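Naming follows writing order (A, B and C), and every chain is counted from residue 1.
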Amino acid sequence: MNRGAILWRVASFAVAAGFIGLWQLIANLKLVSPVFLPGPDRAWASLVRGFSSGDLWSKLAGTLEHMAYGWLLASIAGIAIGAIIGSSRTMRTYVAPSLEFLRPLPVSAIIPVAIAMLGLTQAMALFVISFGAIWPIMLATIHGFAAVEPRLYEVARSLQMSRLAVILKIALPSASPDILAGMRLSLTVALILSVVCEILAGLDGLGHWVLLSARAFRSADLFAGVILLGVTGYVTSVAMSLAEHKLLAWQAAQH
Amino acid sequence: MASAAKRLDAVPGTPAPQISFDAVTLQLGGKAIIENLSLGVRAGEFLCIVGASGCGKTTALRLAAGLYQPTGGKVNFDGQPMREPRREIAIVFQDYGKALLPWRTAAGNVSLALEAAGMTSAERPARIEELLRTVGLPGHAGKYPSEMSGGMQQRLQIARCLAQEPKTLLMDEPFGALDAMTRQGLQDEVLSLVAASGATVIFVTHDLDEAIYLGDRVIGLLPHPGRIGIELAVNLPRPRDQLSTREHPEFLRLRRQLFDFIKATEQ
Amino acid sequence: MTAGSAKALALPLAVLAAFELGARATHLQSDSLAPPSDIVMALFGAFADLSILAATRDTLFSAFAGLAIGTIIGLAFGIAFGISDTLNRLMEVTVEAIRPIPSIALLPIALIALGFGYRMEIVIVAFACVWPILILSRAAVRSIEPRLMEVARALRLPPAQRVWKIIIPAALPRIFVAFRLSAGIALIVAVTVEIAINPLGLGAGIMLAQQALRPDLMLAYLVWIGAIGYALNVLLVVAQNRLFGRAAVSGDGR
C-alpha cells in the first residue's frame, strides 16, 4: 500500500469513529430510549463482560459450529452431486432444469418441513443449513463442469486418463473458480440460517442469545450479540477471500 | 495429378506402415468431410499434409489420433485398428492456450503425461527437468502457462507430448499462431527432437514452405470432400538449414509444384 | 411440447408419480409428508377460503415495501459513492463494518423497537436490500462511459440534472440487474422473518400448518412459496430483457 492509500484508510477509519461518536452522543442525550439503543460504551462493556465470563465464547462457538458443519456438509455434497450432474450431458438435460426451477425457492421455507421431520433439534439445524447452503455450491459446480475447455478433455483422452483422474485433475481444478465463488455465497447463507435455526429451536448460539436479550430488554447484550454476528460474517468472508486468493493464484497470473 | 495417389506406399520391399488409412470415409451430419482416403505412413517418416482451409486436413489428423472414428474404412496403427486414442500417439494442438492446464505450472503440465503413464512421484522431477531442458525451457518449471509467451507455451505442449514417449507425433498447425522468427526456431527444434527420438510425424500446416522444409513427403488434399490431390517426395538433404535448404533448386521446384496445386484447388 | 421441455419435465413428473403411488400403497401416515394429490387438494382449499391469498398479500406487501425503501437508500448511496471517489473512500470502513451483519440478526432489535407486524419486517427486508443495490449501482455509475460525463460537463448541466439525465439512464440496465437480485432477496428475507418470529404472511402460514400437523397444507404452502419465487424471477427476467435487451445481461458479471 502506498502512502496515499494509507492516508485514505486512516481518514476512513476516522469517519467510522465519528459515526460511533455520533451514536454515543445520541445515546447520551437519550434521543432514543436506552431500552432500545445502548451507547457503544455499554455495548462494548457487555462484550468485555461476556467474553471474560466465557458466556459469549460459548455462544460464538455454538454459532460457528452450526455454520461450519452445515457449510462443510453442503460443500462436500454440493461438489459431489454437482460433479456427477455436470460431467454427464444426459444428467444435465434431465436434472438441471428441475434445479433451476427450485433455485429461486426461499430456502427458509424448508424449515417447517425439517421441523416436522426432525423436531427442534441439532439435526434439524444441520439439515436446514446444509440444504440452504448446498444450492450455490451445487449450481456453481454444475456450471463449472459444463464449461471445461473441450480441448482439455481431448488431451485427457489422448493420455488415456481414467474417468476418476479426468474429474480430479481436469474438471475439478478447471471448475474451482466457480466452486469457490459458490462456497463464498453459501457462507453467508449458512450464517443466516444458523441464526434462524437458533432462534426457532432455541439452540445454543448467538441467534438464541440475541433473542433472549431482546425479550429481557437487555439492549447492551443484544447489540453486543449483533456486533459479534457482524464480526463473524466479516471474518469468515475475509478468510474465504484469502483461501480463494491462495488456491486461485494461477488465475492472478492471467490477464 | 490424380495418378499420384496410386503410387502410395507401392514401393516394394518397404515394411508395413505404422499408420495406415484404408479407404477411410468420415461423414458428419450427412456430409462427407473425408472420402475414400488411403495412405500409409512408415515408422520414422515425417509426413506433411497441406491443403486449402476446409479440406479436412485437421480431420484426417484427428482420425489418426483416434479422436474421431471413421464412418467407413479403417485406420490402423501397427496393424491394429484404432478404436480410441492411445498414449503412444501424442497430439500437439494448434491452440496451445486451450490445450495446457492453466492451473498447473510448466512442470505440472509435463507431469500430467507422466502421471497418466503411471510414473511414480519420485521419478518424475528428474524426467520433467530433462524434458523442459530438451524443449528449451530450463528454469521455467515454476511458471504458469499464462506467464509464458506463445512460443514458450507451444514448447511446453511439445514437452508434454514428448513425455508420452510417443511412437507417433501428430502436429496440427502447431506454429500457425506464432510469429515468423519463433516459427523458424521451433521448426529446427522439432526436426532435431524428432531425429533424436525416431518418432513418426504427421504434420498438418497451411504453410507450403514449412511443409517442404520439414517433410520427407508432402501430401496435398483436395477439399469437399477431403481426398488426396497430390503427393510429393521431398529429396532434400538432412539436416535441413533455414537458408541453404530454402535456396535449394529442388526446394524451389517442389514449392512451385505445390503452389500450382493449391492455386488450382482454389479455383 | 419440444423434446427439451419434455426431458426437463420427466424427472419431476417421475418423482411425483412415484411419491403418489408409494404414499397410496403404504397408506402413508406422517406429520411431515403427504401424497401430491392431497397437497393439491389442500392448496385448492387454502385458495377457496382465501387464507393463502391473504397471506400472499401480507408477504408481498412487506417484501415490496422493504424492497422499495432499500432500493431508494441503496441507490442514493450507491450513486453518491459512484460519483464521488472522496466520499466513497471516506465511507469505506463504515460500509464494510455494517455490511457483513446478517440481516436476520437485526430481527431482535427491530422486534423490541417496533414490535410484531409489518414495520419490523419491512425494516429488515430494507436492510437486506440496501447492500446489493448500493454495491452494484456504485459499480454501474463508475463504469459509465467517461465521454458521457464530459458531455454533461460541456453542457454545464447542474448536478441534479446530471444525475437525472445522464447518470441514471446510463447506469439503468445494471441497476435493474441489482434490483432483480434484491427482489429475490426481499422475498427470501420476508418469508424467513415470518417463519422465525413474525405472525403474518406465508411464513407464518406454513409454520401454523406444521404446528397443526397438517403436512398436506404445509407442503401446499411450500409449493406456493416456490411458485411465487419462480414467478417473480421469471417476471423480472422478462422485464429486464424487454426493457434493456442484452445490455443488462452483459453488465451482469462485472
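Rule of thumb we're sticking to: contacts are C-beta pairs under 8 Å (C-beta built on N, C-alpha and C of every residue); 3 or more make two chains touch, one makes a residue touch a chain.
The UniProt protein names, listed by chain, are A, C = ABC transporter permease; B = ABC transporter.
Remember, it's a predicted structure, so these values are computed and weren't measured experimentally.
Engineer: Are the chains arranged, by touching, as a line, ring, star, complete graph, or other?
Structural biologist: line
Engineer: Measuring from CA centroids, which chain ends up nearest the centre of the complete protein set?
Structural biologist: Chain nearest the centroid of all protein C-alpha atoms: A.
Engineer: Using C-alpha centroids, which chain lies at the maximum separation from chain B?
Structural biologist: Of all chains, C has its centre farthest from that of chain B.
Engineer: State, to the nearest whole Å, the distance from the C-alpha centre of chain A to the C-alpha centre of chain B.
Structural biologist: Chain centres of chain A and chain B, defined by C-alpha means, are spaced 50 Å apart.
Engineer: Taking the mean of the C-alpha atoms as each chain's centre, how many Å separate chain A from chain C?
Structural biologist: Centre separation, chain A to chain C: 18 Å.
Engineer: If you average the Cα atoms of chain B and of chain C to get two centres, how far apart are those centres in Å?
Structural biologist: 56
Engineer: Per the contact definition, I'd like the list of chain A residues that touch chain B in the complex.
Structural biologist: 149, 151-152, 154-155, 157-161, 165, 169-170, 173-174, 176, 250-251, 253-255
Engineer: Which residues of chain B touch chain A in the complex?
Structural biologist: So the residues of chain B in touch with chain A come to 65-67, 84-87, 89-91, 93, 95, 98-99, 101-104, 112-113, 115-117, 144, 146-147, 164.
Engineer: If we count contacts the way the header does, which residues on chain A are in touch with chain C in the complex?
Structural biologist: Touch list, chain A to chain C: 8-9, 11-13, 15-16, 19, 35-36, 93-95, 97-98, 101-102, 104-113, 115-117, 188, 191-192, 195-196, 199-200, 206-207, 210-211, 213-214, 217, 219, 222-223, 225-226, 229-234, 237.
Engineer: Enumerate the contact residues on chain C facing chain A in the complex.
Structural biologist: 4-5, 7-12, 31-32, 89-94, 96-98, 100-109, 111-113, 184, 187-188, 191-192, 195-197, 202-203, 206-207, 209-210, 215, 218-219, 221-222, 225-226, 229-230, 232-233
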